[in-house]
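Chain nomenclature is as follows: A, B, C, D and E, assigned in order of appearance, with residue numbering initiated at 1 for each chain independently.
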Amino acid sequence: MAKNKFGFSIHHDRQHNLDTADRNLYNRIALVEPSIQRCIFCGGCASTCTASKFTDLSFRLVSLNLRRGYIDEVKEMVARCMLCGKCTMVCPRDVNIRHLMVLLKKEFSENEF
Amino acid sequence: MNFDPFVLPFLIGMIYLLIILSWRYFKWLDELKVSDRAKFIRGIFSLNFFKAIRDVFAESLFHRKVFKVNFFLGLMHMSLAFFWFLLIVVGSFESKLFSKYPFNAPYDPVFFRFFEHDFQNFGAHGWFTFFMDFFLLVLLIAVGLAVFKKVHSSFFGLKKATRHRFVDRLARIFLWLIFPLRWLAESATAGIHHNGGFLTQSTGNVMASFMNLWYFEYPLWWLYSSALGAFFVILPFSRYMHIPTEIILIFLRRFGIKNDKEIKGFANFEIQSCSSCGICISTCQMADAAGMHGQQAVYYLQKLRFKRNFEDPVFNCLMCGRCNFYCPVGIDIAHLRDLNRQKMMPTLKNDHSYLDKEVVVQVENPVRVVYFAGCMSHLRPGTTNAIINIFEKAGVDYVFADKDGSVCCGRPMSILGATEEAQGMIKKNTEIITSSGAKVLVTSCPICLKMFRENYDLPMHVIHHTEFLKMLVVTKRLKLKKTTESFVYHDPCELGRGLGEYKDARELLQYMGNPDRTSFKKKRSLCCGGSLANLRIRADQRQKITADAFEKLTRRNPDYLITACPRCEQTFSTVADRTVMDVAELVEMNMID
Amino acid sequence: MIELKGKERIWEKYQKEIPLDRYYYARSCIRQNFWPGSETTFIKILEEELGKTILDEEHHTTCSGIAYHCDVIPQETTMTIVARQFSLMCESGYEHFVPSCITSFGIYTEILETWNEHPEVEEKIKRMLMEATGREFRKPKFLVHPSDVIYALRFDILKKAKYRLVNAKTGEPLKCVEHVGCHYAKMFPDKGVGGAEFPRVLMGMIEAWGGEVVDYPERRTCCGFGFRQYMVQANRGYSIACTKRKFDSMEPYKPDLIVTNCPGCPFFLDRWQYVIAEMEGKVYTEDGYGIPVLTYEELAGIVLGYNPWELGLQMHQVSVEPLLKKIGFEYDPLDKFKVGNQTILTLPEAPGVLKV
Amino acid sequence: MEETKKHVLIVGAGIAGLEAATHLEELGYKVSIIEKQQVTGGHVKNWFKTFPYFDASEAIINFAERSLSKFDVYNETQLTYAERNDNGFKVNTDKNKQFQADAILLTPGFKVFDAHKKEEYGYGIFQHVITNADLEKYFRNGWPERDNKNLRFGFIHCVGSRDAKSGNLYCSKVCCATAVKQAIEVRQHFPDSEVYCFYMDLRMFGKNYEEMFQAAQEKHGINFVRARLSEVNQNFDNTLLIKVEDTLTSRPMKLTLDYIVLMSGMEPAENAAQLSQIFGVPTDESGFFAPEKYLVSENNTVSEGVFVAGTATGPKTITETINDARSAALAIHHYLSHSRIPTEHGKE
Amino acid sequence: MGELVDRLKADVRIKDSLHACIHCGTCTAICPAASFYDYDPRELTSTVQDIVARGDDKRLIELLSSNYIWYCGECMSCKTRCPRDNAPGVIIEALRALAQETGLFAESEKGRQQLMIKRTLGEWIVDYGYCVVGDKMLLEMFPEQGPNWQWVLDNIDLVFEKQGAHYQKEGNGAMRKIPKEDLDELRMIYKVTGADKRFKTIEEFSKKKAEEMGIQFDESHDCEYFKHVYTFNSNNK
């Protein structure tokens, strides 16, 4: 934010606008791995996550941010996943989280297919 | 020399086949890396050459391995292969002995009866006609079996027969035609010239009794020759390519040539050696328990052969290695799958930089043993606690490396084909583990163990806790009592077929009692369904596999199902109707001072 | 499409008793500084037009509400200052307290509520006031905001009206945006005419005087004062962002004017239009003048045909002339920046973007 | 014979009243029902389908009315007066119809929360803000207009429930399942539509409710957002703009909708207070009838001979209501055959 | 343990405005601060509720030392909506009061701004009788006032006179001079009700902080620290 003669600049609006949210990635992913639709955001994945012991990684948030179109947040988190698969083992809704993580990692990797 | 235009189809077909084969084999051999080619040359002039020949008899002709799976299946394959072989060998002797010409054409043994009618002056001939007819009879029975198998595959121990492609079906028709046609052609000749044996002569007489064989004999020989020719022409493009290829493969194996980093050279021999027998289908739990089809080895190799899209069979696989074990040709399918996984998986965008920032490496005074539980073990605190208690009791000088959370060993990533991306984790873990200064690394997770052994370079013994606990008992640092409960032991894929570790767990268990007998042990053990290797399988399909495996393992109704892998433990406990536990837990229960 | 009967159903629920005479007036910190004309006009309308008695005495002070909501002074301090105001009211024999400011109105309401909830607090304040000033007080019989009063008297004003909120050329009613101060009814919905969700107080005036109210999505949103959020330069980005959200939301309705009943709101709705124009070159009207922002007294004054420059419209940064022209108001443009002995003063410097 | 029959008067001919009547009649009692509406069946009659099996509400009604002919129903009748005498109760109605009853069963049912009270939701102000009850009407009688292209629906849970501002602190229990049911129906009715459910907690407590919820997510692609509606506004183009917090990402959120469906909760029936006053049956702080003893004796009341059943004692599902009615019938039977279920003050 | 929390609980505003939160977010949905700052009144409420329930002084101190309690604009829109009758905006008032009494306000960038507010309208009240003193709101400090305001300031008494205000005059009316006795009463009220005490604490801890931060500090309005807290915004970079 650049300063100006008034000594302040107009704050950015955090309010999320679901009308303009980009849901394409979510839809694309849900097509390949429909189980993501079953997510109830319980956070079991995040609490068991091996990586979350050391860094911010929560599939629960990935799942939400995908739906809300916060792709950058998703990108950041997904990159931290080590694919150990514990999350998938504890998911009460049998969401194939590990597959979703791989799909997303692929999405964000240079050579997609 | 004998000649008649009807031999042409056969002759052309055979020449054509020989050219194709030699061209292909030369190309594939040429693809071998220099060292392997050297092995090849050396091999030819070594004892291995003869061992190979023995193998060829055992496998390609007698189909030893197939007999293991099912007697009738073995019998069928053996009769077809071995007796055809005899027909050819004995046939050529016969033609050598009785040909009226000095020069003996390659098709002589095949059409011998057509050219030679008149053997009065040779006594021994009766024996030949007898044997040749006998071989033919066996072959006809074998073809009969094959046709029968088509309708009743279960009778041959195959739950589901392979779905063949058109070329293969066509080739099979020609193959099945060859022997009946030979029979008819020879019988026709015998009907006229009385040169047949117990089979051909009698059929010939019957035929003569109601038809004018002069009209039929010649066309029949044409048909016979054409069937052969057609079969030869189609062979290189059909699964029957395995007949010649497997022989070369056996030699290469004997010469110690293995698969390389890429799918070429040796891999081609393996791929083409698959007879599509379909044994891998019924031994694949995905097909057997979960009713999934199209991903099994036979289809993967089929797709590889015919350059179809093989993405699904590559990734939609538990990589349990059962098909490897059961494959009669001994093709290393898991490896062929892995090669493509590594090739097809794009570089995954990872950011594991936090590992260096966040994970603290405690450099305390060095210990003898470093214990690495592994991510999965943290889902089974029962197991890790047991290990720690045992260590304490036995006074082991140890450090619990991943007490406050593990860094993934990297196998879950590498098994998907992203080995490179796991480097960060490998580096970090190496740092953590070596910082302990220990002589021995004990892990509870076979998945980690495999990774540590194959992708890490650790300056210490890397063993599974079963081995370590056994050692504690052997060296009397730990005493165990017999347990009153009955139990069955499940070999985890990664530990068993993956690393060949079968004995330690068993010896350890022996101190506490005898595991129930089960036919699903060691190399025959089942996958629990929890495999990390398959991302595509649905949760409900996994469930089926797990439930099925659990049912099979607990048929003798043991009190416990014992295993040595936290992942198996976790997976089984989701369907278990009885206690599932790790060997370590049982040991903890039965420790005495 | 909006169903009016739905709103009426709600308004019936919030019928507030408004005394029609004998008001004790308390001036507003902000308004007397920035809109002195409005306060003057309020008194003028009541006394001259409608013959009411309203006491505007010298001893009362701020209610300290802004300082209270900037959290620099303790609640007790504010309560005691408010108690002092009440005591002044009692001294002068009045019972209807009319604070010019919405923040004050909120403060008084909140304090009276708290005292009802917790009599011990009232007792404490009684003691404190006594200790500090030797004063005693009684709570007012009625606490109403001037906008309540004008609302209650809107039709009496209409009787004397010279102008309507109607486009003189087309005869179309003017599109008016009403902005009701947050502290008017949001804290205690039943204390405001029409409640918190669809306040009637300004709407009633607009409709009575011929205008048409536009209901836009961000109608309820705060003007962005946020007390400390404006007072401290470092925080003003919040204040202006808030106001901008309102303007972006009302823009498609092409409003002719904005009416407010709060001291701060007209200030921010006026000044931030200027700043947004300076910062982003954005003006919210096609004519480039911006949307005129009025207090309800100024609006009433215009309707009654008062001299706009005595109403203090020249103190606005956004010019009101386009609005006056629309309703066909006859005024002397030269008088705008004249005062006292009619000497022409230096004109204010023109802003960078907004037309004047 | 007729004379010797004991007489039970039931107030309210919803499914509770009807079900109880059916059983009491079978047990050999003379049964009369007074109903203030023109028709029997209560609220269920206004519904289209029921959760979680999507059975038509007609089926429920037909079941509840299976022996309607066997007892007297007085429609459009309101109880105005009752007094206790030696042989039970003397009851009078606005139609001046007199009853002499041995026992009284109160099944006045519930009242759908008046969504107008939630002013910020704009019910009655914005045309396309409707309630769950309105939606059922739409399903039954067809939609007012035919603009079914890519409509966006928002279902708002907990309207008038769990809300101090509307004076109801309790959970109305059935709205969550109803919302999910209606959301699915909407998706089936408008295949191009996009449906959002704004919930605070999804109380899928019953058998097959959770399964229905999962189907809503997976099969019908319904979006569930954990949020409570804060306010509704109308956009320039007359679509509706809602403001909520996306509580799971802790961010304010706005969304444009074409229809907003308010899941109005259950409140005590209008005449509950009057009845409680007439028969001396106390009510709890929410205005529902207070039973003689919670958990163990919910059909008896402290007022001897007066029984309660159905949603008059608190929100209930159809299943619960029907079961409750049956147990009430049994309680009355015990009472009239002088063998009451022993209760706290029975022991005394 | 919990004696700071007890002080918070003693505040009547906490008694009235803090009840069990159901995390519905109706407050955050319409909270301007939640949109324009990284702030969430719902989370604030439940945090405070938690702190109060556990008597967790440590967390309370953390909270009071943070920017988090200074984002709210006290528009009180939240109070209208809450289904549990909470009022995050009012809770904030109690927290800010405590933060200043304990001096913890000086620990956060936004909290430190209190000095500027104290030295302006805090003092104006007793000096002039009103929170806002127009002729002190010069364009240097309030540039958004715009050219018209500059014009007003240049001709202040005439302009006000035209609008019937009595700028700095005896007697009643807008902008009048407040009689000394009334100002004295206000001063006494400040003294009795603890405003003076709070002002002292604000000055005292600001001074300490200024030294800590190595920024020049004195009683005047143009000392470095005053300017710093008035203008510094770490997000405006």
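Going forward, contacts are C-beta pairs under 8 Å (C-beta built on N, C-alpha and C of every residue); 3 or more make two chains touch, one makes a residue touch a chain.
Because the structure is a prediction, the values reported are computed rather than measured.
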Joint neighbours of chain E and chain C, given as chain labels: A, D
Shortest contact path, chain A to chain D, counted in steps: 1
Longest centre-to-centre distance from chain C, chain (CA-based): B
Which of A-B and A-E has more C-beta contact pairs: A-B
Geometric centre: closest chain by C-alpha means: A
Distance between the centres, which are taken as Cα means, of chain E and chain B, whole angstrom: 78
Length of the line joining the C-alpha centres of chain A and chain B, rounded to whole Å: 41
CA centroid of chain D to CA centroid of chain E, Å: 49
Touching two or more other chains - residue numbers and ranges from chain B: none
Residues of chain A engaged with two or more neighbouring chains: 1, 5-9, 11-15
For chain E, residues that touch 2 or more chains besides their own: 30, 34-37, 80, 144, 231, 233, 236
Every chain pair in contact, whichever chains are involved: A-B, A-C, A-D, A-E, C-D, C-E, D-E
Parts of chain E lying in touch with chain D, wherever the complex brings them together: 22-31, 34-35, 40, 42-43, 80-85
Complex contacts: residues of chain D adjacent to chain A: 214, 217-218, 221, 223, 226, 246, 248-249, 251-256
Complex interface listing, chain E residues touching chain A: 34-38, 143-144, 231, 233, 235-237
Of all residues in chain A, those that touch chain D in their complex: 14-19, 34, 37-38, 41, 60-61, 64-65, 67-68, 70, 93
Chain C-facing residues of chain A, complex: 1, 4-13
